[in-house]
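Structures for review follow.
Two complexes follow with chain A in common, the first pairing it with chain B and the second with chain C.
Our next item is the complex of A and B:
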């Protein structure tokens, strides 16, 4: 019996080791192709975008004869994984980044200047200057805009209608009244799903700070947080005390609750549509339950605030196939591909030609996001190398105050002290 | 005496309930979420509303998830087997032989546990790249063996210390060589300890996310932990119902192994602790 078991075990081990070895050799051969470029990112791994990313790759492969090898991770891990791959000198030609990741990768000095690859003329011909600016650092065009819009406020028109609001609130006073009316419905709906946990809480707080008239940092990079910051934090506290906002809400939670009709307002990018569709809403009907709106202002006539959001493509300086990578990037930005991405996933195209098609201009869902984009600003940490640390400080101090451990004044003072030490 | 008092019983029952809540509530919550329809994920009810097996069936019939599961089983079984084997030899050496540098090497083994595994990631990545092992199961197998080795070696050393040297001497007098003594006399007596290390190694590799995501990027060889996170926890949407269902499926092999081998696991962990 023992011998039989031993033979079975050895056979199993041998087969498994053979399987392990076989995998290795396949991988090696796949990477050895001279016309094979490596495209990295996260959307090609996700349920909602996996298929369209596959079609993008095969479409380009059929058209060009090149091959595109996809390397993917989770959205949250992409920056770290890109850095590891770069450190290891592994082949990396083109990558998908978002505005947050972009700076981290750009600071490594690993990105190619796209002015040299595409030519400044081509870039200026195909993109609006404000869009191109998002991918510029120190005069270099390190990121190629791929899909951009603003993170603004999203609302459920049906809930607002039940609460007696046929139009969205435009000032903070109206917003508070609207939230009170929603709470009075007694349906257990959370009026506003502002993020109160993880990095997104810092991202949501910033446009409110701007609305109240202050910023986290001055233009020279020093900490600002004027007296208006205390007003903003006190306003948050007031909303929490009244039950209009809740602790322990992150972007993902807000999306799900909103998609299930359990939340009236929250902050999001165009990606909000994806969650609504996943929850069973007909894509054509999304605007009935999920529409973008300008963020309410402190005083009528003030400029509504929103944060810039977007995905970019970057090409690596170490790539031996920069031309192929650029060719692939142009394919991804071509009208047909960009419009299909827009139709399937709601990702707004950025090239002048695609952004000005009837299809995009007349899209009711996108309109609110595009309108907000006109005045959208970059997240204040977007160009900082320690953005994550800065956001953690902001969120920790905000949470302590919302939990009643510190006052708004102490919150701002603690933030200022810790941020000064961190910058 | 104290154990028979009413105060102790109340304290005992209260503690049991409290610990039980911390241990089992998250698990029950996971099962509850997995059994809810996806659009009811955030609707608060606990097994008392609409329930469905749709999510779990969806996972079981998803070929991609099953590929991840197969990969995890291959990697976890192999790494736990190899780690146990290597740990056993290392532990036997530390326990029964005396040579220069023995204590220093033992200390180095233990010290390697002091570093967070994330710190070693880049070094291991570069080594795997140099040996052309990136993307293969081998990169994971070697990493997991490395991480299981210190605990495995120290645990088994304690186990082997408890085995009388006179037994080994007797075997030597009878003409047995070191390898024969190890494999025929000492290892059979240490089976509970070895099984506990095998389970430890299995669970470690089964649950690993960071190394599995970094060292293997080909979906065909991806293991379950990164596979689930990448599939269900996205930038745009989070499918908690599917994630929880997949987590239940993922927990089944570990649970089955532990249920069948728990007797050895507990004996293995405690036997080496006391020197007689």
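Our next item is the complex of A and C:
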């Protein structure tokens, strides 16, 4: 028994010494200028972007001597995992966020003001003011733009051509006719893959509400949902009744069906290209099967509506290695890296130097998204702390109406009541 | 001096206490403390967005019980628990009776049946989502190929069918679990009694009704209670298949807790729903423990 105890004690002592040694070695590494930073996000987990994210990390590690440890989740889980990690006090230095996740994380007060890290001058020198504005909250630059464009509608030119449309429909009336023609092809193609499930359904509904002339919220934050909201919901119902849209379609389903040539229109950001390329389409040929278009308007001459979309990099205030994180962010934004990301995945670069290269300016695929960006608006929940809750309410009430449980009028009234309680 | 007897050795009671301490410590750290902490949290406005929180009294309970959709969630949970327990129980019993016949290959079949139970819930959720998918699902493909349907059915897009689909997936997952328990129970029914009944002229149904069921009453009860508790706690299949939709049709209490905590960031309110959920679980647990005690 004593022998066993002695062995156990020696083992414990050895482990303690090993742990202390490891700690010293880590400190030594920090003292010698080489640091290990944690980079979090979701794209490094996705098939279409896993390789390029790996190359970004290794490229930076080779150049700087620092180590970048990737911590990733699915896009849907990223916000909650970042919050949990932050509350748990785990190391987080830099993260990839989209506009929605950015806002949620910013509300915790955990983000560093990048004006202090990069310097205001450097930021203004490298980004357009409108681009920088997306990452600003209360005068602080909390997000560093990484890739930015708009979520607009994409279409398959080949399907439209088969349906007799050489031009994209520009008004809702034309859009409905185009969908009718596509349905009449009898090829089982879903004319429009507007999202009818999960949070993306709320994101897709908003630009249609704007198209019909209303918003979810007024500028002062109170609920708006004017009479046009009822028209919008009734229009959705009509599209569903005619079989132009379907229940149980989310962004992921739409991407998959679109890539298979089984869907004519859906709403997406530039990363639609990555999906098409993953499905085997030559990057140079993507525009033949996946092109951006302006969202049809209610009356000719109206402004086409789209939602601002973008990925940002954020640096955490609690990070001990803010300088290394900033250095890594600069590497990711460098022309070579940003242009490779653009070439492989269609992610438009945002720095003045990369965005104005011939390669980007002449890209036929990107043009439609960039055109839409000029008038794109932020998702109405983008600056709300309970964005997900708001979206859930919108989606649940929309689904109830589409399923015939409530009328469009009841839908809007229920949304109003629940949103008023939630804000 | 009463502490040590037998030349300084510990008494049986003292040894017993010492042996219980590690288990008790783990129980307190892993179950009791988080449970009490969650109940305490249900009286606060704790949020994932802010580590600081304040006491809000019964506000969260008032909010939860005044939400008209909360009772729909409780009702959906009850439907899910009842059907996701009874369906695999019934099918598991039938399958156990078949396997209990001891025909050639029955052991192989028993092993194969257990595969469903080994597969993780999320994988099963995705598997059945693919089967029921309204656009490219194989069930639609099959029905279409057989000429039964002209247009695809959105199984997961309709409230009633979505709940049925989720129950089917869960039943498929749990069938082997019920089968394994019930097969064990069947093998415990005395063969002499069955043979005696047959000599007395009892047919198969009568043997089952008057010999097998009474002999397995206790195991039926325990399996049903444990199954119901498992379903009351279940999260992964409904979440991966429908995320609680459409229009909350498949939102059970577990999904409500997850959504409130990790989508709406309201940990305090999620703890409130969790407490109500725990009370429901407690009812089943009490019945279970009572039965276990009686059987002892």
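For this structure, a couple of remarks:
The working rule: the second predicted complex is superposed on the first by the 389 of 423 C-alpha atoms of A that agree within 3 Å, B and C clash if a C-alpha of one lies under 4 Å from a C-alpha of the other, contacts with A are read in each partner's own complex, and residues count from 1 in each chain.
Just so we're on the same page, contacts are C-beta pairs under 8 Å (C-beta built on N, C-alpha and C of every residue); 3 or more make two chains touch, one makes a residue touch a chain.
Nothing here was measured: the structure is a model prediction, and the numbers come from that model.
In the superposed model, A:227 makes contact with neither chain B nor chain C. In the superposed model, B is the one of chain B and chain C that contacts more residues of chain A. In the superposition on chain A, contact of A:388 is made with chain C only, not with chain B. Contacts of A:164 after superposition: neither chain B nor chain C is touched.
Of the two partner chains placed by superposition, only chain B is touched by A:42; chain C is not. Of the two partner chains, chain B is the only one that A:88 touches; chain C does not reach it. By the touch criterion defined above, A:257 lies against chain B and chain C together after alignment on the C-alpha atoms of chain A. In the superposed model, A:119 makes contact with neither chain B nor chain C. In the superposed model, A:271 makes contact with chain B only, not with chain C. In the superposed model, A:197 lies in contact with chain C only, and not with chain B. Chain A residues in contact with chain B (one complex) as well as with chain C (other complex) are 84, 87, 253, 256-257, 260, 262. Within the complex, the chain A residues that touch chain C are 80, 83-84, 87, 104, 107-108, 190, 196-198, 243, 246-249, 253, 256-257, 260, 262, 385-386, 388-389, 392, 395-396, 399-400, 403, 405. Within the complex formed with chain A, the chain C residues making contact are 48-51, 133-136, 151, 154, 156-159, 243, 245-248, 259, 262-265. The residues of chain B lying in touch with chain A in their complex are 38-43, 74, 77-78, 81, 121-122, 125-126, 129, 132-138, 141, 213-214, 217-218, 220-221, 226, 229-240. Of all the residues in chain A, the ones that touch chain B in their complex are 13, 16-17, 19-21, 23-24, 26-28, 42-43, 45-49, 71-75, 77, 81, 84, 87-90, 98, 252-253, 255-257, 260, 262, 271, 274-275, 278-280, 345.
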